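Common to both upcoming complexes is chain A, partnered first by chain B, then by chain C.
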Partner chain A sequence: MGQVVRSICTHLFQGISVALIVATLGFLAVNLTRGDTALDIAIARYSEDLADERVVELVRREEGLDQPLFVQYCQWVGRILTLDLGRSLVSREPVTALLIHHFHYTFLLATAAIAVSLLIALPWGVLCGIYPGGTFDHISSMICSALVSVPQFVIGLLLILALAIRLHWFPVAGFFSPAHLVLPAITLGIGLAAVSSRVIATSLAEVRGSLFYRFGAMKGLSPFRVFTAHGIRNASIPVVTYISVQAAHLLDGVVVVETLFAWPGLGKLLLDSVLARDIPVIQGACLLIGILYVAVNITVDLICLVLDPRRRNRLATS
Partner chain B sequence: MILNNKNIPILLLCILLILGAGQVLASQPDRPLVVVSPWGAKGMDPLVSGFIFTRMGCLETLVTTDGKGKGGLTPLLASKWSVSEDKLTWTFTVKDGVFFHDGTPLTGENTALALERIFANGKLFKGSPVESVRGSGQKVIIKTSTPFSALPAYLAHSSTAIMPPAAFADDGTVKKIIGTGFYRLADTDGKTVFNFTAFADYWGEKAKIEKARYLAVSDGETRALMAESGDADIALTLSATAARRLRDQANVQINSTAIPRVREITLNANLVFFDSAVERLALSMAIDRQGIAQAILKNPETAATQLMPAVSMWHNPGLTPLAHNPEKARQLLEKAGWTKNKNGIYAQDGQDFSFDLLTYSTRPMLPVVAEALQSQFAEIGVRMNIVVGKSSQIPARYKDGTLEAALVGRNFGLVPDSIGTIKSDFGPAGARGSWGSLGWKSGKLNGLIDQYLATFEEKKAAVIRGKIAEILQKELPVIPVSWYDHHVAVSKKISGVQLDPYEIKPYTKGVSWVR
Partner chain C sequence: MRTPLLQVNDLTIRSVAQRKRLVADVSFTVSRGEAFTLIGETGSGKTLVAQAVCSCLPEELVAGGAVDFKGVNLARLPAKEKRRIYGKELFLLPQEPNSALDPVMLVAGQVSEIFRYVRRYDPQELRHTLAALFSDLGLSLSGNGRLYPCQLSGGMQQRILLAIGLAVPAEFIVVDEPTKGLDAISRASAVKKLKNLLSKGKTLLCITHDLSVARALGGRMAVMYGGYIVESGDVWQLLDAPKHPYTRGLVNAAPENGLIPIAEEVLAAMKTAWQNG
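Our next item is the complex of A and B:
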């Protein structure tokens, strides 16, 4: 148990360090790119029509953008130590509140997308894994390749045209009811399912070809019993790892889908903030994404420890 | 066999059940009137996001437009206004019997308090001659340092919406949106969705639909699809292509209104290519505006014949329209001392007529129009390189003097009278912003601007506007390319939608469900 806690602490320390480094790089990248931060903020806040030189200079003074970069960075670090991420330069809202608002929607979408992908990928991958190299497996492989190569916005548009415009089953865009979650979740879930099903199929085929699996069958267990006792758990380890990578990608932000479905997630927030050079939001988002990656990694490690006794033994003896 | 043929129908049934559940969830009783727009809030302060609340009928200003274009004004919270003989003191009388959503009556005092904050912090009034404001009874007295005839037009801008003292925290920040409009704000996420309910004690014509929702949807295609599916009742700012597609839909009608926004080429008149009116006229003559308007913008009416569109009070019908004449363009360049080199490009003193045109993609048609311009300029022997960047690069390069040319979508309808934008784009050096002509100046035009601001008689003001438009047409400090249309999809389930070219009057005013 002590080893597990130590492993989690190490992950946490590494994650927070990486997040801080990424946030620092974000700060430097925005400031070292050609252009004037005060001007971008003025345009984002007041529109092009009102952002003249007088307004830009006011914004520069109001937001402390006339301070040297080093001072601005030190101020940010000082705030971080008191767990204050500052305020958005555009909307003047606290960055923490902005991140919580957008993360809430990102989390909802990511969870729903993974649920959809599993709903499709599990039966599909298991079927392919049970009959590897068969006609179904070959056709599935082709379908997966096709689905992976179709851009997400095309899938999204097709779903909107079919399920929202023609059938009126779901709303096109927005975020007011669970129904609004369905189309973006399916859009993301289809692409994820295409890859997940191949990972499941390959993993299952490997497990089914292993000595321990065949031994189970030889000692008289029914195919169902061999599958449930020896197949699922062993085949699921690479699948869990892969799905965690997908989850991290989803938390990171899926701007195209968020834009198409007017879903207020983290990806859209980050994109808008980068375009407007809203440095406190960029830094806050980098920190949050870094921490989320660590959280996902820790969760996956813990799940793998539960699933795989060999890992537990290795951790105990290390 | 883990999954046999018997199990597959069960799986399909599960999927159908989930889809069916979604459909049930999607149906919403007591549906609000839904307005979708590209623009979200940049905070809850009307100084930056007031347009959402005024366009939805939640906040109101002292003055509004008459909705017919041409800068016509009509009273809203003010019942009348007048200016003193020395033209430096304005008196606005606010209407009796008007109540804010929290029950506070509208008075001269609380209007003055709201305006004081607006004049101090509102970016619209930076550099304006407004000096002070005070309220007494139902009167609001505004003093200016110099005559400022455009003040009523400025008081129609959404950032000048009036809120009572209870709307503000002690530090002056906005605590809550409280207005006088026919809709009151019910709830919001502060960014993209704003829900309103009808205000029973509204002083004028009450809302006919109990609930309304404003939703910011940045993607234009999504807004069009929302209109098509019936999810949106009013979908704003659609592309010409989407509007054309939606015209065939049975459940939607498209309202297209000309607005006072212009696609124009901003030039650096300090450069040898653009330092004389002859060269600028040559470039103007190379542009096939009808072709661009027809092929790209899908409306030949949008081809600019002068800087200001007909919907603006600054449009001068007496001007000779800008013409397309490539042959004449070549002659003009040769008259200005340019000769063609062996590559077919005009050159002078060894320097090719070759320049960079900066544009941006946040206004979608600009890069496409830039490509058309590139080929039309090439036809007469002028090389133009297109640089697509961020819009903020234009004022940045304007400021450091490195801007050569830019294709911009300039808004001359910020307030119903464009004098502020004209002064900022073409006026005296101290008043210049960063979007107009660079390096071009005209003492005569500066004099006319001052004269206009001090003229309070419409007939005389119209004459001055005509003279200013004439100078801009002759000198071409910027080259107008096309005017803008505002395409709006309106559901046939509603009636009464009237679109204001200045987007000042509420979209929701007088709108009702079709029975």
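Our next item is the complex of A and C:
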């Protein structure tokens, strides 16, 4: 148990470092690649006509942009540590509130997409894994390759055309009811399922080929018993890891699908703020994405520790 | 004459990929209640024979000839019928405990599932039998039993595997290298457990490279070299008065006889005899 706590602490420390590095990179990227930040803020605040040199200088002093970059950076880190991410230059809303609002939508979509993908991938992958190398497995493999190579917006557009415009089953875009969640979730879920079903199939086929699995049958256990007792947990270890990677990507916000369905998630927020040069929001989003990655990674490591005694053993003996 | 439980006739095992014969013309019978030991050096094909007997050879290998268990050729049986025999009538105890034990299941569970799902013991009877079996093997149910295979040493894993071998109800048990990785005391105790199985009326086919195991089990034995059986017969007769030069070499090479290596000319002569068919 002590090892697990120590492992969590190590992870947390690494995680905070990673999040800070990501946020710093975001800060530097915005500050180094752009022209005059003060001018952009002035334009965003007072419109292009009013933003003359005097106003820009005022803004520069007010926002501390006349300070050296290092001082700005320290001030920015200081604000982060007090959880103050500033206000959006465009909407004037607090960045924290904006991020929470948009992340909530991204989280909804990510959860729904993973659920759809598992609904498809679990039975599909298990069937392929039980008969590896069979006709069904070969055909599935081809379908998966095809699905992976189709861009998401094509799947999304086809779904909109068929299910929204032709059949009127679901709304085309927006975010006003649970029905709005269906099409973007399916669009994302299909692509995810194509890959994760292969991961499930490969993992299961490998477990079924292993000596301990065949030994289960030799002991006289029924195939169902061997599958539930020796198959599921062993096969699930790589699957859990892979699905967490997918989850981390989804939580970043999925720009293409969110834009296509006008879904107000993190991806859309990031895209809009980059286009509007809304610096505090970009920086806040970078920080949040860094933290999310770290959180997902810690969660996966913990789940794997629970699932796999070999890892616990390595941790205990290291 | 006791009825033969297992009859192996001209068993040949080929590797399709390597286009090579790994085992050739192996024939022997095992009668009900007897011990039969298959002895030979690493790579002589004895494990393959064990797998062929249980009809669980790796997929890339093809077996020819006939293996009749209770008069039925297992290789011809559909998978469903084979499942009915495995564990209940026929059982193969593999030699690699590290890969035969499920890495993510407590070792006690891997033994108890046999009592629970194959022998259908009720929970109280199960706990009692399991505890007795563990203590019989010098293990403790609440100690070693609550560990995962990765937390056990090789010798301990081998003992868990032996516990599984003792737990299955099968009357015919094939054991592959049951004493591998065990120290002298554990080896003696493992051999004793195998003899107990015999005294319970079970039939044993023991695969080993250890002459002392063959001696202890008694019964009959066959010596394998390079995929062939070079000599077979009663254990004591064969070990006391080996006829074939390779068997003689094998007996002289045993530690108790002074570790005399097998003469090169014997091996060379056998290789030529072989190439000439």
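Convention: the second predicted complex is superposed on the first by the 281 of 318 C-alpha atoms of A that agree within 3 Å, B and C clash if a C-alpha of one lies under 4 Å from a C-alpha of the other, contacts with A are read in each partner's own complex, and residues count from 1 in each chain.
Here, contacts are C-beta pairs under 8 Å (C-beta built on N, C-alpha and C of every residue); 3 or more make two chains touch, one makes a residue touch a chain.
Just so you know, these numbers come straight off a predicted model, no measurement behind them.
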{"item": "Which partner reaches more residues of chain A (counting touched residues only), chain B or chain C", "value": "B"}
{"item": "Which superposed partner A:43 touches (first chain B, second chain C, both, neither)", "value": "first"}
{"item": "Touching partner for A:310 - first (chain B), second (chain C), both, neither", "value": "second"}
{"item": "First, second, both or neither for A:52, with chain B first and chain C second", "value": "first"}
{"item": "Touched partner set for A:229, first chain B, second chain C, both or neither", "value": "second"}
{"item": "Touching partner for A:212 - first (chain B), second (chain C), both, neither", "value": "second"}
{"item": "Contacts of A:160 with chain B and chain C, given as first, second, both or neither", "value": "first"}
{"item": "Chain B and chain C footprints on chain A, overlapping residues", "value": "223"}
{"item": "Chain B partner contacts - residues on chain A that touch it in the complex", "value": "35-36, 39-40, 43-46, 48-56, 58, 90-93, 101, 119, 123, 126-127, 130, 157, 160-161, 163-165, 168-179, 182, 223-224, 227, 259-262, 264, 268, 275"}
{"item": "Residue numbers on chain B that touch chain A, as the complex places them", "value": "1-3, 11, 15, 19, 22-23, 25-26, 28, 41-43, 48, 123-124, 126-127, 189-193, 215-219, 221-222, 225-226, 228-231, 390-393, 395-396, 399, 411, 414, 421, 424, 432-435"}
{"item": "Of all residues in chain C, those that touch chain A in their complex", "value": "54, 56, 83, 86-88, 91-92, 94, 96, 99-105, 109, 113-114, 117-118, 148, 150-151, 164, 168-170"}
{"item": "Complex contacts: residues of chain A adjacent to chain C", "value": "210-212, 214-223, 225, 229-230, 233-234, 237, 307-310, 313"}
